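Naming follows writing order (A, B, C and D), and every chain is counted from residue 1.
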């Protein structure tokens, strides 16, 4: 019975979705005159000197969204910790170590993965990638170590420091713009020449901060969840 | 790499796949009784939505919206970067919500020793 | 029809197939792996649609992190979907 | 003017990142900082509100890109009034939860840190929802609001919080899915995400897009605003969350949800029939919620259903439209925030020791906890609209607005549904004062902080009850602002620069 209702509901949704989207032409230039897309592309190249226009949108034009997004991750890590928190575990954790091959492999890969992550977020304004991508790559590096060594410890204190300082950098860069008489998150540094590493004013700095923050937060999330082990009754 | 010919066919493929994913995911989320299956359904819906959003931003013959040294002087047509930025946000938010949801599932399992929705019924559903 | 179009269509079919498999499969671990296949193909689609930034994000978050978080949950809970439990008094018996 | 609207968002975000570090220095700072931040924001907000009432709305541009290119925050008498109300309620909720006893059972540092962080960000996100002028930014704030609400609902380990939270999360995820779909349709057709710009261009939309987007928006926002039939999550979340959080849901979060519906219908789209739709949905919501509240045996669930019913009444008032309707709706929202929070705060102390929180366990508690019981009774009388309390004036305003528009049937329906409300509230008050105590449950005295918050709320109910003029001026101004769509668009878009 319930299935039938759901299927009818889905059929209605499907009908309208198909109806609407069949009228939106794929790959067609829909916007004439002034529009957000052309404005962003133009300003990204000429006013901000950032070659990756997705980065300039994420960090500058719609930087407020990104601040919110970083906050969502931060709060998700907080809420997750609050949900899974227990004062003390009962009994002994059931754990196993990965084989030697996996462990040495993980050890070997760990540093290159971190380096790759750092590369991705430092070059976020020049090439595809950025804080979110780089941060996630760094988190996967830590994930590898956490999986290979059951007793691999990530210091909670260090994570908190990195997370907080990166977040504070983001927020203070925004507020600095306000203090200097401009608007929140507005660029106040020289913009350099396009396609240089040092270009785009505060954009790369913010994206690097985002990279650190996302990396620390995702590592924290994974660490919290992985520590949620089965306990032997004792 | 550009998607030149057969634009009609590709329209059907991308939009169709995205809508199919949304519907399949919604079906799983609404019908299945396992909490984890419900969340799998929701994450499939997210995938569908993201695909739809990026497809809308595509421009025939456009390049990626990056002014790399190779293309900067040619002034090529570029795909719309705005939906890409939105999807970037949506993906990260989706992950955050999924992680919190799974933590809740673990907590529910600790209490009820089950993840079946029919057996977790202290509150009315 | 060029090779790119054909491969896109094949991948789309694979993706829908993976989605259906993820929904009907009773073993949750396999279902989760199927969702990670969806994300992988999605990431390729993003690349084809000239969205390399999104492709990178989806590859890292959708394929790697979401999957691992699901797997951790399944390891901490139960692996099969339709396990029935019978409550007798305070004890729960798994069938 | 002391500051700009963006500080209302930026400062708490800054503080949120700072608090984990402050906690390392002195643990008490984790509790104190959010309160100090909210107090400062309240000062800022009141100051801005005064400024806007005199000089018109303040549009804050972010990152130097004027609308419609960048994101903007709009602090008008309408949104500013709601933001101020939210911050004020947030401050009281913070005072109430300061060293709230059940939390002290978890005397650990970690849960305390998380509670205060989540609470502060929940308030900030609500303010953000109200202030933002960009539709995708609205989505981001709704997600922040969602995540904090899920975390706080599941805060207690010994209740069914996780279950309520999962339900909330499931419905919330569906809501954000629909919201994204709607944003996508709008963007694909209009190429803009700014609300004022959308309002200007909305007439260019083909009907099919317009209707589909409107329906998707209504479903998404209806979930946040607890509209029927999308409110199944609300009673569980209200009753399983810690008491201060329940008060915050009623006083703050619902207001943000309602605001989105109103902004959608009053500013974004003008489609024939939406006002009637609001009235019908409001009446249905009211009808079902009040009946459900009538049949509840647990106190907090009863209060939650009653809260949904009140939201239905607000929707009806907004549906009546015109200046009187909006004025009545805003007055109702104000009263609901004050009174329902008081009911949650005092009610949860009345059944503090009880495990199941049954209404029958309230028997005779009036003699044991005179002040708290008195405040609860005051709230109960005020919310059903007895004169001379605050609730009377708002109900009167709704009825006048309906009468002015000649909607006599609606008056009759509202009055008859209100009768149910009167019955079940009086039933509870009767139990508190006139039924002999038959349980041996002990009582817990409210902490001084909690007592302070409740007394402030009680005082406001009385003051507004006797001198409604203290608030009506602001409300008139706010409702006039909401209805003046042209000046909203003009104020936001006049800043615009063009592609050069």
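By our rule, a residue touches a chain if its C-beta (ideal position, glycine included) is under 8 Å from a C-beta of that chain, and two chains touch if they have at least 3 such contacts.
Worth saying up front: this structure is predicted, and the values here are computed from it rather than measured.
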Chain pair with more C-beta contacts, B-D versus A-D: A-D
Chain B and chain D: spacing of chain centres that average the CA atoms, whole Å: 30
Intercentroid distance (Cα basis), chain C paired with chain A, Å: 21
Chain centre separation (chain B, chain C; CA means) in Å: 12
Per-residue overlap in chain A, given as positions that touch at least 2 other chains: 17, 24, 36-37, 40, 52, 54, 62, 65, 69, 72, 75-76, 79-80, 83, 128, 132, 221, 225, 228
Multi-chain contact sites of chain C, meaning residues that touch two or more partners: 51-54, 57, 61, 65, 69, 72-73, 76
Touching two or more other chains - residue numbers and ranges from chain D: 136, 140, 143, 147, 150-151, 154, 162, 165, 181, 188, 193
Chains that touch, pairwise: A-B, A-C, A-D, B-C, B-D
Residues on chain C engaged by chain A in the complex (per definition of touch): 51-57, 60-61, 64-65, 68-69, 72-73, 75-76
Chain D residues within the chain B interface of the complex: 136, 140, 143, 146-147, 150-151, 154, 160, 162-167, 169-170, 172-174, 176-177, 180-181, 183-184, 187-188, 193, 232, 236, 240
Touching residues (chain side chain A, partner chain B) in the complex: 2-3, 6-7, 9-10, 13-14, 17-18, 21-22, 24-29, 36-37, 40-41, 44-45, 51-54, 57-58, 62, 65-66, 69, 72-73, 75-76, 79-80, 83-84, 126-128, 132, 194-195, 214, 221, 224-225, 228
Residues of chain C that touch chain B when the two form their complex: 1-2, 4-5, 8-9, 12, 15-16, 19-20, 22-23, 28, 31-32, 35, 38-39, 42, 45-46, 48-54, 57-58, 61-62, 65-66, 69-70, 72-74, 76-78, 81-85, 92
Of chain B, residues touching chain C in the complex: 1, 3-6, 9-10, 13-14, 16-17, 20-21, 24-25, 27-28, 32-34, 36-37, 39-41, 43-44, 47, 50-51, 54-55, 57-58, 62-66, 78-79, 84, 87-88, 91-92, 95, 98-99, 102, 105-106, 109, 113-116, 119
